[in-house]
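Take a look at the structures listed below.
Heads up, the next two complexes both have chain A, just with different partners, chain B and then chain C.
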Partner chain A sequence: MMNKKTSIAAAIAVALLASVPLFGSDVVVQFGIDALSMATLAQAWNLMGGFTGYPSFGNSVFYGLGAYGTAIAMTKFGMPFGVGLAAGVAAATSCAALVGLPILRLRGPYFAIATLGVNGAMAEIVSNLRIAGADVGLVLPLTRNDASFYELSLALLVFCTGCVAWAATSRFGMGLVAIREDEAAASTMGVNATLYKVAAFVLAAAFTAVAGGIHAYWSTFIDPASAFDSTLNVRMVIMCVFGGPGTVFGPVVGSFILSAIYEVLAAQISTAAALLFGVVIVVAVIFMPKGLADLVQQAPGVGWRYFVRNIRENGI
Partner chain B sequence: MSATAHPVPVVQALGLTKRFQGLVSVDGVSFSIAANEILGLIGPNGAGKTTLVNMIGGTIAPSAGELLFEGKPITDAPVHRRAHAGIGRTFQVMKPFPGMTALENVTVGALFGRDGGLKDMGKAREAARGWLEFTGLGRRIDTRADELGGPDRKRLEFAKALALRPKLLLLDEVMAGLNPVEVDEVIELIKAVRGRGVALLVIEHVVKAIRRLSDRVMVLHHGQKIAEGDPASVLSDPRVVEAYLGKKRT
Partner chain C sequence: MVLPQILLNGVLLGGLYGLMALGMALVWGVLNIVNLSHGALIMLGGYAVYFLFTVTGLDPFAALPVAMAAMFAFGYLLQRRLLNLVVRSALLNTLLITFGLDVVLTYLAQLAFTADFRTINPTYSGANFAVAGLTVPVVRLAAFGIAIALAATLWFVLARSPLGRAIRATSQNLTAARLYGVDPGSLYAVTFGIGAALAGAAGGLYGMVSNLTPYIGAELTAKSFVIAIIGGLSNPFNVILGGVFVGVAESLAALYLGPTFTNVVGFGLLVGILVVRPSPSIRAA
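Right, the complex of A and B next:
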């Protein structure tokens, strides 16, 4: 799947992205940190929602646990950042395994609703925990070094995308896609569906938690509302689906583009930005419901008829 | 009677029963299939044939009874564990992986399957290619499953089940909807599979095929086994003719 050309293109893209802090302004680097983090979140969501076919609305729980694990370890126990991240990942992956076992039995909308419930419950629990600063939140030690945060976010995205690229061509990924395509048939072929789903959920949780931990340290402040933000999960879904769920690069490219569009809109017309952004999403869903990746693959052959066909198939 | 004269059957069912909300779909059915044997299973619509296959494959749990595979109890084993043990099946309502190509579909079976499968992607693909050739789908390797026509989907379903290298293969109406030429092809395929040492349970409404293939025939009616034995005598049994063949003709 990953041929030589794609690998070279990816390497060049990574090198270009890595050089941004050398010449980019503070604003650009800060935007970059957010965009890279968002792309990682979309990519992690892709593992469950794209490859395995389980649309999770609980990934914001893992983000929040990653953020809180890092913050608590650093502020309450004086641990270094790296240990904090590990604590966040430990919390998020245990949560994914514990919660995943029962709720991964549910399919489609039922799974989505259950994961949404977990997010609400976890926000409630944390806002009553004294060690987590209750509903006031936690203030992390200040280290304003945007360039390092940028490179760290880029490294995480590269690692996460590398894992997804490996999964896409491996036995593990084949099992996940088989589950998405027909879970009963997959089990009948010998795929241990429960194990595979939980493994994908745990892997997604790990990446999401690291992104949450990095963001907590960078923004130096977290509270339950911002750490367990279900609209963040909605953004993961939108970016992944816009780019191409179940593909290796779709979610990354998709979230870069959407982040950029949002940034431009917010700078030009701050008040109506959210509204216009919503319009962009709706138009994208109507004209290219299978995402950018499918557009890039199919449209060169059929041209504008690609959009007509999509609209027809959608019955609009 | 020595042990060698009666080796352990590949599969053995003891009083398998399935009740759906009080309605008995399979009612205390016992049978066994020996290695390399083809057991034909017939019965009118709703007789409980698919339910029986689902209990052997593990997609539904029996309400009562016991199931042994190569002498070991598997009544409560999860579906994937049965595949690892060597039980392969097709679905009457076919279950392809629609978005995957034919090759990818079959590769899943080779990659997982008996004893956990081949594990290696390259080897699995190679094996899958072989099974697609074997079932006559060699030219449709790169076609997406949801773009295959009916008969080709049947072949795909068959190839997927074979790719997991089953010791026991459960075929639920793989000939339904095929024309007589295609039926003959499938009969030859099934014989070739048996030639490789696989035990088969073959469900068919095509009586001619059952007669040609089966070493033994079992008849279900209202969930109960009403006859079992060699094809010629079972298919001429008055009760069978009345319950099944007679009805079929009207």
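Right, the complex of A and C next:
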């Protein structure tokens, strides 16, 4: 998957991205932090939704737990940011393992809705916890250093994408793909499906939690509604599926493009931005149901017939 | 008398919930599309009845069939011109396109109708009568009756009419239905149209018992989804029962746990049911 050319291109892209705070304005850097963390979330979702074929709508639980773990450790126990992140990751991964064991037995829409239920329940639990500030929320220590938050988000995205790239070619990733294609057959061939699925869930939870923790510290305020926001989870899914689920770079490129489109739309025509965003999604699903990654690979050979073929294959 | 009154309220509200889920369950069972824009269709139906009532002065219950006809036409065209292009795509893609539709419909409604709260308020909206010490609100009782009537009609159409046979055949085996002369493109459009019409009726009734805003769609979609799974996709009456179950559970939760918990109860029930009984009999209408 990762040949020499793509590695070099990826390295150049990372170097370019890393230099953005040197010349970019504050607005650009702040947009970058959001875009990078969104890309990380899409990439983490890709592990479950793209590779393993389990469409999770509960990744926002891990985001929220990461945010709250960080916030509680920093505000209630006076811990440094790093320890807070570790606490958030510990909370999210243990939740992923505990919840994953029962609900990863469900498939397709049943899994999706069960994870959505977990998200709602978790938001409710946290908003009744005294230590988490109940439904008022928590205020974190103020810091104003956008450049370092930017570099931290970039580092997280690079690490997460590196893990996915490794998984794509490893025995672990092959096992996940085998589970996606036919779980019974994969088990028969000696893949420990339960172990693989829970491991992927836990890994996705860890990355999502770190992104949540970084965002909590950066925005300096969290409450249950914003930390356990299921529309955030829908955005992860859209970004990943738009780019190409089950590919290494698809989710990253897809979420950069969609974040940019949304930002431009919101700046130009604020009222109709969400409307046009919806139109983009509808059109994208009709014309490129396998995502950008497939479009880039296939379309140069066959041209516009690529779109006709997609409609013929999926339509009636 | 608090508990019996709460139970009655839950049952009456639950009938309306069941009607909301009816169209979603039909479309899901036949087309295998989990329609995330279903709540937005409910919202549009609500506005249709609202404007028929406020602009033309039509009684809201008389406006319901008009709104249902309009929503049928809208749903038919939506499926025929748009969703038929992707109907055989992977589940995730149909989830996404209907989510995109939900966003489009929500914000079109916001542009057209503004974000103001609106309620369909006929003169008798506050009327109620007492039976055995219980207060029965007239509008909610009528909504419950209409939900049952529509479920019965749907059951009759599916079980007894040639159209229903074609729908059931297509949901069981697309290829075989085609061989027997069913045109799946138009049949899917008709089915989606029926689903949209049911959503329209639910929306009109919802507008009489609660507030309409362009943003109610997402919550109603989630509720319909939960009820469709609890009730199963095979029998309209089971869907209504599923709605009553959720309505009663929510009312009891509001009474004993506090009103902030009502929305979680439905999901909590669902996760519990799914985990205990992971593969309910669900396909086929």
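Assume the second predicted complex is superposed on the first by the 315 of 316 C-alpha atoms of A that agree within 3 Å, B and C clash if a C-alpha of one lies under 4 Å from a C-alpha of the other, contacts with A are read in each partner's own complex, and residues count from 1 in each chain.
We take it that a contact is a pair of C-beta atoms (placed from the backbone, for glycine too) under 8 Å apart; a residue touches a chain by one contact, two chains touch by 3 or more.
What you see is a predicted model, and the numbers here were worked out from it, not measured in a lab.
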Would you mind checking whether chain B and chain C clash or fit side by side on chain A after the superposition?
fit
According to the stated criteria, A:Leu106 is in contact with first (chain B), second (chain C), both, or neither; which is it?
second
Chain B versus chain C as contact partner of A:Ala178, first or second or both or neither
first
Between chain C and chain B, which one touches more residues of chain A when both complexes sit on the common chain A?
C
With the two complexes superposed on chain A, say which partner A:Val191 touches: chain B (first), chain C (second), both, or neither.
first
Partner chain(s) touched by A:Val282 [first = chain B, second = chain C, both, neither]:
second
Rounded in steps of 10, the angle in degrees at the Cα centre of chain A between chain B and chain C is 80
Should A:Gly49 be classified as contacting the first partner (chain B), the second (chain C), both, or neither?
second
In the superposed arrangement, does A:Glu313 touch chain B (first), chain C (second), both or neither?
second
In the overlay, answer first, second, both or neither for which of chain B and chain C A:Ser170 touches.
first
CA minimum distance (chain B, chain C), superposed complexes, angstrom
13
List the residues of chain A that touch chain B in one complex and chain C in the other.
none
If we count contacts the way the header does, which residues on chain A are in touch with chain C in the complex?
49, 55, 102-103, 105-106, 108-110, 112-114, 116-118, 120-121, 124, 127, 231, 234, 237-238, 241, 245, 271-272, 274-275, 277-282, 285-286, 289, 311, 313-316
Chain A partner contacts - residues on chain C that touch it in the complex:
34, 82, 84-93, 95-97, 99-104, 106-108, 111, 184-185, 188, 218, 222, 225-226, 229, 260-261, 263-264, 267-268, 270-271, 274-275, 278-279
Please output the residues of chain A touching chain B within their complex, sorted ascending.
169-171, 174-175, 177-178, 181-182, 184-194
Show me the residue ranges of chain B that touch chain A in the complex, using the header's touch definition.
57-59, 78-80, 83-84, 88-89, 91, 95-100, 104, 107-109, 111-114, 116-117, 119, 121, 124, 160, 163-164
